[in-house]
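There are structures below to look over.
Shared between the two complexes below is chain A, which has chain B as its partner in the first and chain C in the second.
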Partner chain A sequence: MSGRVLEAGLHLLDRQLIDVDGRLAGKVDDLELELPPGGGPPVVTAILSGPGALSRRLGGRLGAWLEAAANRLRDGDEDRPARVSFAVVKRIESAVDLSVAKRELETNRLEAWTREHLIGHLPGAGDAPE
Partner chain B sequence: MKRLFSIALGILTAIGGFVDIGDIVANAETGARFGMSLAWVVIVGVVGICLFAEMAGRVATVSGRAVFDLVRERLGARVALVNLVASFFITFLTLAAEIGGVALAIELATSVNYLLWVPIVAFLVWLVIWRVKFGLMENAFGLLGLALVVAAVALWRLGPDWGGLLHAATHPVVPQGEGHPTWWFFGIALLGAAMTPYEVFFFSSGAVEEGWSRADLITNRLNVYIGFPLGGLLSLALMAGATLFLEPRGIEPGHLSQVALPTLLVLGKLGLAVLLVGFFAATFGAALETGLSCGYSIAQYFGFQWGKFVRPADAPRFHLIVLLSILAGAGLVLTTIDPVTVTEYSIVLSAAALPLTYFPILVVANDPDYMGDKVNSRLTNALGSVYLLLLLVVAVATIPLMILTKAGS
Partner chain C sequence: MRLSDLLGADVVDEAGNSAGHVHDVRLVQDGPLVGAFGASLRVDGLIVGRRSIGARLGYERGQMRGPLPVKLVTGWLYHDGRYVAWDRVRAVEEDRILISGSADDLPQPGPSS
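And then the complex of A and B:
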């Protein structure tokens, strides 16, 4: 049985990631493919998201600058973009729904930093919206 | 009953929310220099904004994706980034112009120099965005903006030669002593003011903020199709007032007080007071919309959490962008650059950038992946395509005309 056919460029790239709580969690900036060790066709293993992945797609001087900035912000030792394993992808429609919470993703660091160091200090930052 | 109330409220809010500093300046200046000969552009602009705001609202309602999501998705990372830089810059200029406009309105009421009000206005804009519920914020300033109706009342009380005004509007002639390029340039400014891109950024993001569902599609339609044209009528009332009072006297409104002159002369100080409330509400409301739109556009391009429907701590980057934009906007006005000049540039550059925003909306509104059975009708597509062609011509012509006419001076 053949399922729905997706074209990566048309149906996947640049789409919104939404976590299990309905929170916005970045874009599908790039895809990671892996060639299985035993041979056979490559499989999509992860969504790459955040400035590290975006910078490589932008290319040029701006891309290089953004990549350098992204590498500096990363606390890991590897210079690679943040990954969202394809195993946590629940559904692909006008957005890509994930089956995990945003805080568990490595794409969440910049947001957490901004909250902890800047916006979280303003009075009322934690108040419920409605 | 409750539904009826919410629809009526939405329409009233859309009327008051339609007019901002760009519409006030563009309509008064055009009326003062060209009479009613460019009134048709306001109608073209209103039909255009109705068409695309309805589409953007429908896409956001059905798919949950606001306008800059679509820009990114349809244009790809690179082209969308160019679009983002242009759109953000224009929205930021508009924000600065609105902050200046609020300060000028308060200056007119208090006789205290507007520059002293700028920091206070900027703080209040931020405070409202930070604390006040989205629905309350939108309704309060939209309804208060209805005070601008007093300009139409003044016009009616004056009992002008309606037939003459209508004739001038339907038989456009470039006035003696004005060149054709200048006339077209002001036409483009009017179109830019009516179709400013931030309006659809805000409108579509607002649909997500308020959690619209398919049941709200009718509200979307009525808000747009009734509210915006009535807002356009308010713009035309300002233009007609300037035609009758400023054009014969050779006054070119370089300040908000001159825009208020017709109302003051006909209705006296009370009329002026009501008009100033309208100016204040319209520009303050638009400052909120542009401030939020600065955050919406960047957040939607990068995909990070935005909106007032979550706690501020849960959308930290969005709130940081909004805060910095307001600070920088206030800073720009505090350089003592004339807010009216900032307004003029913001609407003309808007006109040049219109296809960047409206092309992706038209494409996605036809994508069943996003829209299911709510894709555009044939009529909407035909109209949308005609408009897109028109906007392309305008975009190409804007900058050469700006240079040729020395920005209309």
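And then the complex of A and C:
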């Protein structure tokens, strides 16, 4: 064992995601694991974030309701949580630093939907800073 | 597969005996290269125990130093914590992970970083 050793729950779950501009971009709610085609142990391929990922950890009726709500906000037919590829993870410390801007992430879609459908219709919303 | 498929699952040996539930998953950064992060995180093994209260405080891994009263209580609570290297995992089923060999010969989890 030669690389850095981390424990997924202790060192990754619930950590804050920070985008390249220092903006808060969600939290680590789950991890996607993939078995390499050539065999061997699973490898972490993505961070899953947002209500669609958190719902499975919550379980029960609340989890099912949250997952259904998250799926309704999703573009396309695919039922899966917002995914942040590990290729854009720069560093894992007390927070997880990303190398891309928040607007490029799937995790931004709930905020974008809220801005477009709710906040955007409020009087004076056009004057609000980004 | 997701991390949440592993966390909380019951770990069962070949004889059908439970070794406890998965409290955490140990990762080592020595997998295939992935973007700016470098080597990807590979699953090394499972930290398993019978008691889940406060399992994510890290005391069962042996590297936490204090406060002393908390360390003593958690040391007693987690003395049965065990480590399952991934090469002993035979199957991941819903809420259950089957491992090879006996639950009695699992080592204690060592400290992480």
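By definition in this document, the second predicted complex is superposed on the first by the 115 of 130 C-alpha atoms of A that agree within 3 Å, B and C clash if a C-alpha of one lies under 4 Å from a C-alpha of the other, contacts with A are read in each partner's own complex, and residues count from 1 in each chain.
The rule is simple: a contact is a pair of C-beta atoms (placed from the backbone, for glycine too) under 8 Å apart; a residue touches a chain by one contact, two chains touch by 3 or more.
Keep in mind that what you see is a predicted model, and the values were worked out from it rather than measured.
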item: Which superposed partner A:26 touches (first chain B, second chain C, both, neither); value: first
item: Touching partner for A:57 - first (chain B), second (chain C), both, neither; value: both
item: First (chain B), second (chain C), both or neither touched by A:115; value: first
item: Touching partner for A:127 - first (chain B), second (chain C), both, neither; value: first
item: Touched partner set for A:87, first chain B, second chain C, both or neither; value: second
item: Partner chain(s) touched by A:17 [first = chain B, second = chain C, both, neither]; value: first
item: Which superposed partner A:49 touches (first chain B, second chain C, both, neither); value: first
item: Overlap of the chain B and chain C footprints on chain A, listed as residue numbers; value: 11, 13, 57
item: Sites on chain A touched by chain C in the complex; value: 1-13, 30-36, 40-45, 48, 56-57, 85-91, 99
item: Of all residues in chain C, those that touch chain A in their complex; value: 1-4, 6-7, 23-32, 34-37, 39-44, 47, 56, 58, 61, 86-87, 112-113
item: Residue numbers on chain B that touch chain A, as the complex places them; value: 63-65, 69, 72-73, 76-78, 80-81, 130-131, 133-134, 299, 302-306, 308-314, 316-317, 319-320, 369-370
item: Touching residues on chain A, where the partner in the complex is chain B; value: 11, 13-17, 23-27, 29, 49, 54, 57-59, 62, 93-95, 102, 110-111, 114-115, 118-120, 122, 124-130
